[in-house]
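Which chain is which? They are A, B, C and D, in the order written, and residues in each are numbered from 1.
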């Protein structure tokens, strides 16, 4: 059965990636989208480590007093370390944005956030503002980039 | 070894699906931590101790901590009627 | 030497908050100083006799270490990065938030370092890292204004971009599975192993990933949203610079690793869809910013059409179209920033700001492609290339370009007419000056391109020939050990 | 309609992934670059841990980029959340929690620095150690016994640590080498703490930078949490 370990783990990685991507694309909840991103990243990381895995090899660390043995490929492991840390940075930034969106719009529903954002963008552009509910000043053309009403910090 | 890994993979995939379907966000977050921990175990088996350490420390620890802090900020931790105290994060 | 192009902006970005606390003037000066130094380094390296050359970072020979490949094209983009970042340097928005200004400047410097890295790097994963750095910096810049809409647009941009990054990383994993290397020159030697469906799958993953920043057709939903909520300077930076560097990465991949015909056709089709879709949306847009955003999607579609042409002709056409758009779009965004957005409020604006109006007409004429402005040459090169290639897709693309040109004429001159019309209703605020001056620099670049056209033409020909030569790339990066090409170790 | 396109894309993507399971080879990687890295790791960088050799030697630029990404994320996070005074969040901590925090803090500090400084010999290194350092400084906030790390100090640490990393890289350039080339690798015997030349120094810079960045991000999150929720 050991011959199937590789395909099994790859299926696991692909499954995590697919579940994560499904969640990011189809979920309508901002926080759950971030969770789905975490899952998708986990899947890709497993995929990368698998790319350097070698049967009957040891971890790529020289032990004192032990004769040289075949080792697994260290490069994908280094790549995954980099990818994990990058992923955390992106997640944290995404969460700060989620917090701000919740404060501003009072909702975490993507469809609703998108609709409100489009109204705001149109208003800021000075185009066809279909109805700016919370910013009465939004309808007029802006004099310059610096003159947007400051949001409450 | 195969059967152990099969178990871990099934655990990972089930938890991943749970992340998407659980109503309680705190529970979904816990499920995502389960994925990370299971993944760290897989990394140990794949002879990647460095990656396993990082995944456990960052994926299961730090990332979960950031997510919990964000949930608390969003006021969503009390969904099940229970508030999460300060100590639960550690 | 070229390592400074990445290292200097990074050091400046790291130290900016500290220096700002120590001394206000040091904080203001350190960023521009680093960028000027990068420009000097680029000028110093621009010696045709020594180009192209490769650098083994860390002193490890390829494919073990990371390689920087410096050719005329990479230098051109490095110089453009430094110059454009200087011109579009974040300004004090007058809201008195010094801390936010320092952070925005730090992010801009990080963006410049990442863009230089993208232009130079010859290693697939290193490109991914720099791409992510550019991405994270641009998320921050997308949210810089701190409005609710800015946060929402930045979040949606982040999610789409992160999705692309995850898929691109999966593509890199697949390539590593197949070849066991990440060095582009090494991959070029092994391109035969990536001919099959597996290689195709890897390329599609990379295309989706890098296509997000390149405003490629199906993954460009973020463009109008983000450009609508940022300052116009950031919009100019993202549309002008970052998108082109993502395109450059895709072009390097196509030339070196994936020379298959079918992939070029796919790129051509996506380019045509982006071109028509973007220009149509721009034609329908009701405010200037969104008009420019959609027109940017259309122009990037044209860039993809150009780069999908085979051989040196395609590269030359692509470089001309890309550089043309890189100069024009920030200029237009700066003018839009002067005037505010809504088309209706623009009546008679050019009468009150004649220089800005003149610049707008210059940019519009070049965008449409009136000879002898550079935009004409850009479109001319693409059209002749397509005619030479022939085939059903080629003709389809030619028709698409002509239709797009008609749309461009229609919406740009509708706007120009409004700018020069007799304004009777409300008076827009007077132009504040700074933006027009910077836009004037871009206008001067356009005029200079007309004056020095013959010399530039030779330069671009050499550049395209050099960039399209995969064998030259491999030769320059260095000899690989033969066993690493034939088969694996175990 | 967009939903339909999304589902179509998902189906294609899933099909692509699962068909790859049948075509990719597992367990016998080509090792075209990897074998050379393993062979040269000790001679080139002096590190017994090949993953560390790759991270700081062979692919040092990736690590620099990664530090920059963390810096960018922290900077952008600060830009988004703004600077706010820490509010009084949560109930005051009990005696046990306070005592535990006081006990844990030095312990975590020691463990963190140990992991950072032994990264070239054993599993671990700047990233893992940096996370523990960040957690150590964040502990008082978590337990509700203190205000957490000083923000101005964090800025200085993150700025200087990143600069030191680049300066060590540039030092090689100025002494006739290439950017990010490992220096002094032949000093000290393999498996000893003071071996591998500048690698431990680089890891120290990485650890401090990662620790400061993450502590800053956590503090931002927690501070926002205490604000007005």
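Definition applied: a contact is a pair of C-beta atoms (placed from the backbone, for glycine too) under 8 Å apart; a residue touches a chain by one contact, two chains touch by 3 or more.
Since the structure is predicted, the reported quantities are computational estimates derived from the model, not experimental observations.
The greatest centre-to-centre distance from chain B, using averaged C-alpha positions, is reached by C. A comparison of the B-D and A-B interfaces places the larger number of contacting C-beta pairs at A-B. Averaged C-alpha coordinates give centres for chain B and chain D that are 20 Å from one another. The geometric centre of chain A is 15 Å away from that of chain B, both derived from CA atoms. Once the centre of each chain is set as its mean CA position, chain C and chain D turn out to be 30 Å apart.
With centres set at the average Cα position, the gap from chain A to chain C is 23 Å. Under the contact definition stated at the top, the residues of chain A that touch 2 or more other chains are 5, 9, 11, 17, 20-22, 25, 50-54, 59-61, 73, 75, 77, 79, 81-82, 84-86, 88-90, 92-93, 95, 97-100, 153.
Along chain C, residues 125, 129, 132, 136, 139-140, 143, 146, 151, 154, 167, 170, 177, 180, 182, 490 each make contact with two or more other chains. Multi-chain contact residues of chain D, defined as those touching 2 or more other chains: 9, 13, 17, 20, 24-25, 28-29, 31, 33-35, 37, 49, 51, 58-59, 62, 65-66, 69, 72-73, 76-77, 80, 82, 123, 127, 214, 217, 221, 224.
Taken pairwise by the contact criterion, the protein chains fit none of the simple patterns, being neither a path, a ring, a star nor fully connected. Those chain pairs judged to touch are A-B, A-C, A-D, B-D, C-D.
By the touch criterion stated above, chain D contacts chain B in their complex at residues 49, 51-52, 90-91, 93, 97, 123-125, 127-128, 131-132, 134-135, 142-144, 214, 217-218, 221-222, 224-225, 229. Interface of chain A with chain B (complex): residues 1-2, 4-5, 8-9, 11-12, 15-16, 19-20, 22-23, 27, 31-32, 34-36, 38-39, 42, 45-46, 49-50, 53, 57-61, 72, 77, 80-81, 84-85, 87-88, 91-92, 95, 98-99, 102, 108.
Contacts from chain B toward chain D in the complex involve residues 48-54, 57-58, 61-62, 65-66, 69-70, 72-75, 85-87, 89-90. Within the complex, the chain C residues that touch chain D are 3, 6-7, 10-11, 13-18, 21, 55-60, 63-66, 99-100, 103-104, 106-107, 110, 113-114, 117, 121, 125-126, 129-130, 132-133, 136-137, 139-141, 143-144, 146, 151, 154, 167, 170, 174, 177-183, 186, 190, 196-198, 201, 204, 218, 481, 484-485, 487-490.
Contact residues of chain A toward chain D in the complex are 5-7, 9-11, 14, 17-18, 21-22, 25-26, 50-55, 59-64, 71, 73-75, 77-79, 81-82, 84-86, 88-90, 92-93, 95-97, 99-100, 153.
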